[in-house]
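Handing you this structure, nothing more for now.
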Amino acid sequence: MELILVNLIDGLVTGLLLFMLSAGLTLIFSMMGVLNFAHASFYMLGAYFAYQISLFLGFWMGLLIAPVIVGLLGALVERYGLRRVHQYGHVPELIFTFGLALLIEELVQFIWGKDQMPYTVPEILQFSAFSIAGNAIPAYKVFMIFISVGIFIGLLFVLTRTRVGMVIQAALSYPRTVEALGHNVPLVFMGVFGVGTALAGVAGVIAGPVLSTFPGMAVVLGSIVFVTIVIGGLGSLSGALVASLLIGWITTFAKAYTLRMEDFLSWIGFHKPVDMSESLLRDVWTLTSPQVADILPYLLMVLILVFRPYGLFGKRDA
Amino acid sequence: MTDTTLHSSQPRLITLGGALPWLIGSLFLLVMPQVFTSNSAITIMNQMAITIVFALSYNMLLGQGGMLSFGHAVYMGMGGFMCVHFMNYIEDYSLPIPLPVLPIFGGLFGMGVAMIIGSFSTRKAGTIFAMISLGVGELIAACSVIIVAFFGGEEGVSGDRTMGPPVFGIEFLHQIEVYYLTAFWLVLSALLMYLFSRTPVGRMANAVRDNPERAEFLGYSSRWVRFFSFVAAGFFAGIAGGLFAINYEIVTEENLNLVQSGSILLITFLGGVGFFFGPILGAIVFTLLQSVLSLQTEIWQLYLGLLFVATVMFFPGGLAGVIMMHTLPFRLGKARLLLRPYVKTLLPALIGLLGTAGGMEILYHLRHAALGENEMSLYWISFDSHSVLPIAICLLTAAGGFWLAKRNAPELADAWHEANTPNGGVA
Amino acid sequence: MRKSIKYGVSAALALSCIVSAAAAAENVKIAFIDPLSGPFASTGSNGLKQYEFAADELVNKNGGVLDGRKFEIVAFDNKVSPKESLIQLQVAIDQGIHYVVQGNSSGVANALTEAIEKHNRRNPDNRVLFLNYAAVDPVLTNDKCNFWHFRLDANSDIKMDALTDVIAQNPDIKKVYIIGQDYGFGKAVAAAAVSMLGEKRPDIEIVGNELHPIGKVKDFTPYARKVVSSGADAVITGNWGSDMLGLGKAVIENGFKGPIYTYYAAGSGITAAFGESGKGSIRLISEGQVNPPYSDRAKEVYDGFRARYPEGNIDMPRIFNTVDMLANAINEAGTADDVVAVAHALEGMTYESMWGGKVYIRPEDHQAIQDINVLVHTNEGITYDYDNSGYGVLLEHKVEMASADSPTTCKMKRP
Amino acid sequence: MNAMTQSGLSTATPALQIEDLRKSFGKAEIMRGVNLSIGAGERHAVIGPNGAGKSTLFNLITGRFPPTSGTVRLHGHDLAGLAPFQINRMGLSRSFQITNIFPKMSVFENVRCSLLWAQGYRYSFWNMVNRSRALTHAAEEILEQINLTNRRDLPAGVLSYAEQRALEIGITIAGGANVIMLDEPTAGMSHSETDYIMDLIRRVTENKTLVMVEHDMGVVFGLADRISVLVYGEIIATGTPEEVRANPKVQEAYLGAVLEADH
């Protein structure tokens, strides 16, 4: 029972981290209609910048400065890259961000090399906040939860209470009319792209120390973020939140509890062959949930797209 | 003049003009191994041929059908696995199936898989299709390490191509024999893919790419048009997989993972999706770049990434697009006008690029070479990477080159405009 | 550009087809086919450094082999792809190279050994030897063995045999948790651990035996929770790369205090990344001992290596064994061009390693038998640290000539 | 040609019959129970002020949107739940208010693609389209009809606006559908262009049923056998041009203003 609580907390941390990425991605998608493949690359940049800054100014300055740099970089990418490609249509846009993801990974390796970076949790947070039935919850996790919830609330505030937020919301629902109202839509686009990537940067800064800072970190997380927003429904912020938490918990629980395919197959009425060595599906019979935990979101996405192309909360399909 | 003109395809019965490129291409393929005789050269040419088939198949989706797939390697990989299994059956049961027909089985299996996946993935185009292809690609790649019985785990499945019955006394012991087999299949599948684009469903694939809704009001279901293109693309990808199996006699997880899918997107786009020969160019250039560049520099992937992003930004038509931009000046007999401005702009630009690359190489060396190892050589010159002079020279060259290029760019633009204007003003 | 990354002949040259057969009295070229770009580049290039240094230090400095032929390491980047490896193998063969060394990934090793088998069968006048220095899948010296393949590293079963010997002697360990990546090697480690522990210490309870997807796990916390709550006294894992680091960090962070027995938790930045947190917890099963240095010669060699590559690690002492043993075999065979003779000389060779103990190549399967050590990650008593981090691996247990009489299913066909 | 003017009395099945067609977007009811019957061979125009729902009516008939309720029958067959391509195959073809062609393909390709299904090529991948002389001939004939022969090989996207509109009509009629629906074929055209298009429409819809939405009253009264007036999702009047012109409700709601503005 206590373990369930612990897993709930762990899943929450994963889910909130995912949400920080998927929130930015959703904002960008809803505004500009482009699925930013390089989103996780900005997350990686966040971690690397923060590491570099932390060497000189410590972790906290890294947390403060790195996302700003990432956001500025994102705005530049929008201004000088995406805006140019936009005229060619959606597919080239997707391809552009795909290429950008490759390029950023190469640049990171060019600057920092291919090894893991010794980017660590600040000393002040290196203790266990509390423990449940012998399972320690590190203080850093609690810190991560606070940061993500804080950002979520901040985002909510900006979107619902400020003028800029109103414009963005309007642009989400009626992309064409906002321009007609005299708002500088390109500037709004640039701003949203910058803020979206900065959010990814924050995620990178706080995830870097626990999930390792290495050139492959974008790829590991990258496609899962798209999966999240597709499951949640493209363009839906609440969908992104629900899907993030869902994926966080699904993967955590699938890892934590060993469910066996054998039981499942028997339950739906298959009989396990006596001689397994000849069966083409012998490996399927022995599957367990921890084995496939991090692949489950992809399965979920394909199923959702097949049966409900708008995702859980989406209204428009791409 | 926009380059959209060039997307128009002309209805033409089979003529000498139509057949000529094919004849030249085939002749070229026949002669190549006489020029480049080493086994490694032939290996690289085989690799090129396989990549061409795969890239052409990918372009059936991206270029002709407007479907952006992030998982096309699945169909090539599946075809490859099936083929290598077939090779083993032939060996184990002494089946009288000659090796050269094997790619057919790869193709059919790839097609079968494409039928299953396509039945739900082609319902929508655009982002939904792209995401399903990504998800399916990821799932099948994950399965490939889990389901060992079919995929052989990370070691893959290997076979021996020489175990089948000899064909006209050829046992396929040597690379050159495999080369001709591959070349035959290359020409055959390229021709079939070309002809496919001339069929009603091939034409409608273009229509659906341009305007799926309008196609619906012409009696065609966009979804089924996409489905047929998808299945055909799966078939040819499977053939590429079969050729891979024959060439390397081993098929592994890397043949169907996302890296492979991503690189075929890269190759096709670099070559140009708007023209049939684009992917062919892309495959040739990419394979050469990969082999040559990766031997010259450690950061070749960085250059490749830069090249790719630059292509998307400035030349969305790819290499083929750039080439075909020049058909009008040639037709107008004004290509001559471009020569001088090209030299005056592109030469400095090239020098600027070389300077930039030099600077990057030095920086990389500074940062990543072992301590104390200061010597590096670049462009056949050896020097101390830790001194200021070399990098200063590189930066100055880069700046100077780009400055010159930029200064001369208006001239090029004028010449370009002039070369594309028919005599006697705008038509 | 580093001298080491002057990859022999460029493919432009390869394409221009001017390839001469190896002329006599030229260097003995050894093709190093391993990743030099991509995610595993650091492992590959560190291996290359060790090879180049070993060739210079152990062979060329002493006048080379035979009548003064020098060893030359020619690097080929295979990007850990079987396909690329086969292309590079072809290029190497075209350059007249007769010796291939490779180690990263059993998948690649498997592709290479099969390709070399076929090549040697089809081209009896231009054969190639394959010295595998790190690919540990047991099958390579069992069902898939061939005359041309030699493994200078211990295979994963041998390592597990040694490890379980050590565990068997430790009465404090009563519960063991096994976790690994879901692929051939991870499964082989788990299977070997279960069967060998069952044999040697039937009282030890396997409280967990788990696989996770390879290279896909973002957060290892849930796995770590299970490890902790299972009450395990020790963890065994074959993980490598970021999966190793992620798992190790999560397990330690969530309060696991016992030993974590690993195959690949040293060097390539991993030692630095574990740092203080892994101290006394991470253990490495490996051949060769670096700390404390076994011999003066080892010290001399390591100091020389440090002088040349201040940031490099000697994390694969077997590379030095490989180079020296090949030199010895060539001298004994009296030829570097007839690889059959060299292979016969290697079979059954006993070699005194500067890193401690003997290395014996079993003729029946070409598997090297040598001392296997359990090393502990620490910063105390370390003469040569890894990653310049102050931390390194220190000898804790030694199993002499591990698995010397282990069975093999290899049916070696000799030419 | 005017045999069907009194379609209400006709016993033959109407080409298009619409009964109580309704459509709501959210809470807004755009189509509020439309009833309309159009006889075979009739030329019928739908007029009405902007925002009356004329294009929506077209979209509902042709399967672009599903109606909220009501039925549409084509030659007596219920079209409920059918996709646009299925409806097209039953012999109904439409054009669009905003030009909707294949911009990257050549003019000839545009026309040829619109011929394919009707000529029985379906999804075949064993025929070469350029091997069929009949197909090429048919396409060229259409080009001749819409006066675009000299633009044959240009990409459709670079044609002038009027030419694109002509191509739009060409694509619509190419398949030989017997019910043609044109959505504002002359929108945004000059007088001479309008005359040209009007003449074109008259020629290509010979012996066919034509339904069109049009703002230009010259075109409407010049072409239509009967006219329906759609105002705020309802048809307030249907009849011959004279009847509609004389209808006081129409005068009041719409036509009077238009007619006055026209002069």
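We call the chains A, B, C and D, going by the order they appear; numbering starts again at 1 in every chain.
One rule holds in what follows: a residue touches a chain if its C-beta (ideal position, glycine included) is under 8 Å from a C-beta of that chain, and two chains touch if they have at least 3 such contacts.
Predicted, not measured: the structure shown is a model, and the values here were computed from it.
Between the contact lists of chain A and chain B, the overlap consists of C. Of all chains shown, B has the CA centroid lying nearest to the centroid of every protein CA atom.
The chain with its Cα centre farthest from the Cα centre of chain B is D. Chain A and chain D, compared by their mean Cα positions, are separated by 48 Å.
Between chain C and chain D the centroid-to-centroid distance comes to 75 Å (mean Cα coordinates, whole Å).
The mean-CA centres of chain B and chain D are about 44 angstrom from one another, to the nearest whole unit. Centre to centre, using the average C-alpha position, chain B and chain C are separated by 36 Å. Contact with two or more other chains is made by residues 41, 182, 213, 216 of chain C.
For chain A, the set of residues that touch two or more other chains comprises 113, 291-292, 295. Counting partner chains per residue, chain D shows two or more touched chains at no residue at all. An unclassified topology is adopted by the chain contact network, corresponding to no line, ring, star or complete arrangement.
Listed by label, the pairs of touching chains are A-B, A-C, B-C, B-D.
Those residues of chain B that touch chain D in the complex are listed here as 2, 4-5, 7-13, 195-196, 198-204, 206-207, 210-211, 213-222, 224-225, 228, 232.
Chain D meets chain B in the complex at residues 62, 64, 83-85, 88-89, 93-94, 96, 100-106, 108-109, 112-114, 116-118, 121-131, 136, 153-155, 157-158, 171, 175.
Those residues of chain A that touch chain B in the shared complex are 35, 81, 84-85, 88, 90-92, 94-96, 98-100, 102-103, 105-107, 109-111, 113, 223, 226-227, 230, 234, 279-284, 287, 291-292, 295, 298-299, 301-302, 305-306, 309, 317-318. Chain contact summary for the complex, chain A toward chain C: residues 3, 6-7, 10-11, 13-14, 113-118, 120, 128, 131, 133-136, 138, 210-212, 214-217, 220-221, 224, 251-253, 255-256, 258, 288, 290-295.
For chain B in complex with chain C, the residues that touch the partner chain are 35-41, 43-44, 47, 142, 145-146, 148, 153-156, 158, 160, 162, 173-175, 244, 248-250, 252-255, 288, 291-292, 294-298, 300-301, 361, 365, 369-373, 375-378.
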